[in-house]
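Labels A, B, C and D are assigned to the chains in the order they are written; within every chain, residues are numbered from 1.
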Amino acid sequence: MKNFKHSIILFIILMVIWILLTSWETQELIAGLITSFLIAILTYRLEPVLAAINLTPKALLYSIAYIFVFAKELILSNLDVARRVLTPSLPLKPGIVKVNTKLKSKIGKLVLANSITLTPGTLTAEVKNGNLYIHWIDIKEEDVAGATQEIVAKFEKYLEVIFG
Amino acid sequence: MIGAIIALIGSIFLLLGALGLLRMPDVYNRMQAGTKSTTLGSMLFLIGAALYISKGQIWSRVILLILFIVFTNPISSHALARAAHKIKIPMAEETVKDDLTEDE
Amino acid sequence: MVKKLFSLIILALLVIMLLPLMTDFAPFAELSRVAEKYVQKGPAEVGGQNLVTSVIVTYRGLDTLGEIAVLFIATAGIGFLLGKSSGKHKRSEASQLVNTGTAFLLPIILLFGVFIFLHGHLTPGGGFQGGVVIASGILLFVLANADSQISSNLLHWIEDLSGAFYVIIGLLGLILAGGFLDNSILPLGQFGKLISAGAIPLIYTLIGLKVGAELVGILNNMQRSQ
Amino acid sequence: MANTIYNLAGIIALLALLLAFVRMLKGPSAVDRIVALDSMTIIAVSVIVFLSLRLGRIIYLDVALVYALISFIGVIVIARYFERGL
């Protein structure tokens, strides 16, 4: 069942990419349908990572909101890099902190870790069990709970709905 | 005109990222500067360039490229950071804390 | 220090070597006689938008068959030289994130490879490039999964079947149309569309599958012999 | 006017490429060089797209896609090599 859901989602994603690569012509669409179908079947036995995505209207709404949250953090992080690089004294207080996440699915953890890497001053260095080890350029909270609140919480409330 | 300004902002972010690569004290901090600014910088640079000739075919390619970069750039940085920590590349003198080494 | 100086000197020599190429570069004012014939007659006879790839599989189709054969021999040679030793070599686990990312990316990379070889007659690309993209996707998968196994039976099937069909299409061209690998066994179609240039997309699909399977075979042999 | 700004953006991007290249030459560790190389490839992909659009050769956009893909796989290969995962 999980594999089936994974394959359906994968098929849709592949089809969208094919249309972006080519055009709306009938020939291309038929070729894309056949190719996407074959690939979805060929990869059927691999790990069904996409099955964790929730397909409810609420999840869709949250994913759109998530894009904006992510974009805001990405811009802030670039301004942060710019400020640090251009300050002559180079203000730093780096270190690796441990945080934990409530997300269970692998794809959820991947999106969370990627988002953390692209937000101000943080970079995911290792993922083990439910813990993420994060290189933080300017440590503000030393204990696990505080760092989790500071780094993870803003993404987790959206990702929990999207990926379950 | 708008495209040109967006491309210019993007290229400035790229430059700042490269400057960060040069100035930061250790490999992890360099990675931080490198990843973030090349991601946003190349995004803006590509959008700005696509605005030069706005055509459906170009936009679809540029969007695919941006999605690919946003998805893979953090993964490759993470893989490098993990490898660097595994082979014990030393961290900068200013480092205050290392939970990962403590837990291993 | 000496090492650095040495590499700098090599770099400088490379620059000196390449600079005249850049400054003296002038596009050829006129084509050679063979090229002129291809350019004049190619689009009408072959019907592919990308003339280079069209020439490779039609007028020069036999050469391409030879190139694939060379690749095949290289694969076999590597398999022979490396042997099938140990299998006890234990690889460290990949990061969980790389693993998940690869599971998501692999189908997309495969799709992209298929896109490249299906559009060999329209865009820069073709069977060889598409095959390489597919093989690199499989390489990524092998890297991300420490205990992965590639089914060599399936590989051999893909390789043999695509090679055989390639020759069959060539022979069909000999029987039905003007010569070996003549692409006009299928209708030429409308210039610039996916189904155009006769059998060229079909030939490129076969080349792409064969090249992909051969390169994955090389990777497989290398991985097993470690 | 717009053209001048576009050219300026291109030059700044090339300057960024050069700075990253300096880091690649300096090292000191192998990982540093690869981090610099990773940044360089992303910048190079952007520059390929920029040039293909500016020169009106949109067919080269596919080249940029393949280059981005290959460079990602390359970095993963090297990272796995560092941690003895090959």
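We adopt the following convention: a contact is a pair of C-beta atoms (placed from the backbone, for glycine too) under 8 Å apart; a residue touches a chain by one contact, two chains touch by 3 or more.
Model, not experiment: these values are computed from the prediction.
Of the two chain pairs considered here, B-C and B-D, the higher C-beta contact count falls to B-D.
Each chain gets one centre point, the mean of its Cα atoms, and the points for chain B and chain C are 31 Å apart. Averaged C-alpha coordinates give centres for chain B and chain D that are 11 Å from one another. For the pair chain A and chain D, the distance between mean C-alpha positions equals 23 Å. Each chain gets a centre from the mean of its Cα atoms; for chain A and chain B, those two points are 15 Å apart. Multi-chain contact residues of chain C, defined as those touching 2 or more other chains: 95, 97-98, 101, 112. Touching two or more other chains at once are residues 62, 65, 69, 76, 79-80, 83 of chain D.
Under the contact definition stated at the top, the residues of chain A that touch 2 or more other chains are 17, 21, 110, 113-114, 124, 126, 128.
Pairwise chain contacts in this structure: A-B, A-C, B-C, B-D, C-D. Chain contact summary for the complex, chain A toward chain C: residues 10, 13-14, 17-18, 21-22, 25, 27-28, 31, 35-36, 39-40, 42-43, 46-47, 49-50, 106-107, 109-110, 113-114, 124, 126-128. Contacts from chain A toward chain B in the complex involve residues 17, 19-21, 23, 74-75, 77-78, 81-82, 84-86, 90, 92-98, 110, 113-114, 117-118, 121-126, 128, 133, 135, 137, 139, 142.
Contact residues on chain B toward chain D in their complex (touch as defined above): 1, 3-5, 7-8, 10-12, 14-15, 17-19, 21-22, 27, 30-31, 34, 38-39, 41-42, 45-46, 48-50, 52-53, 55, 57-58, 61-62, 64-65, 68-69, 72-73, 75-77, 79-80, 82-84, 86-87, 89. Those residues of chain C that touch chain D in the complex are listed here as 91-94, 98, 109, 112, 116, 123-125, 129, 133, 136, 139-140, 143-144, 146, 226.
Listing the residues of chain C that touch chain A in their complex gives 95-97, 99-101, 103-104, 106-108, 110-112, 114-115, 118-119, 193-195.
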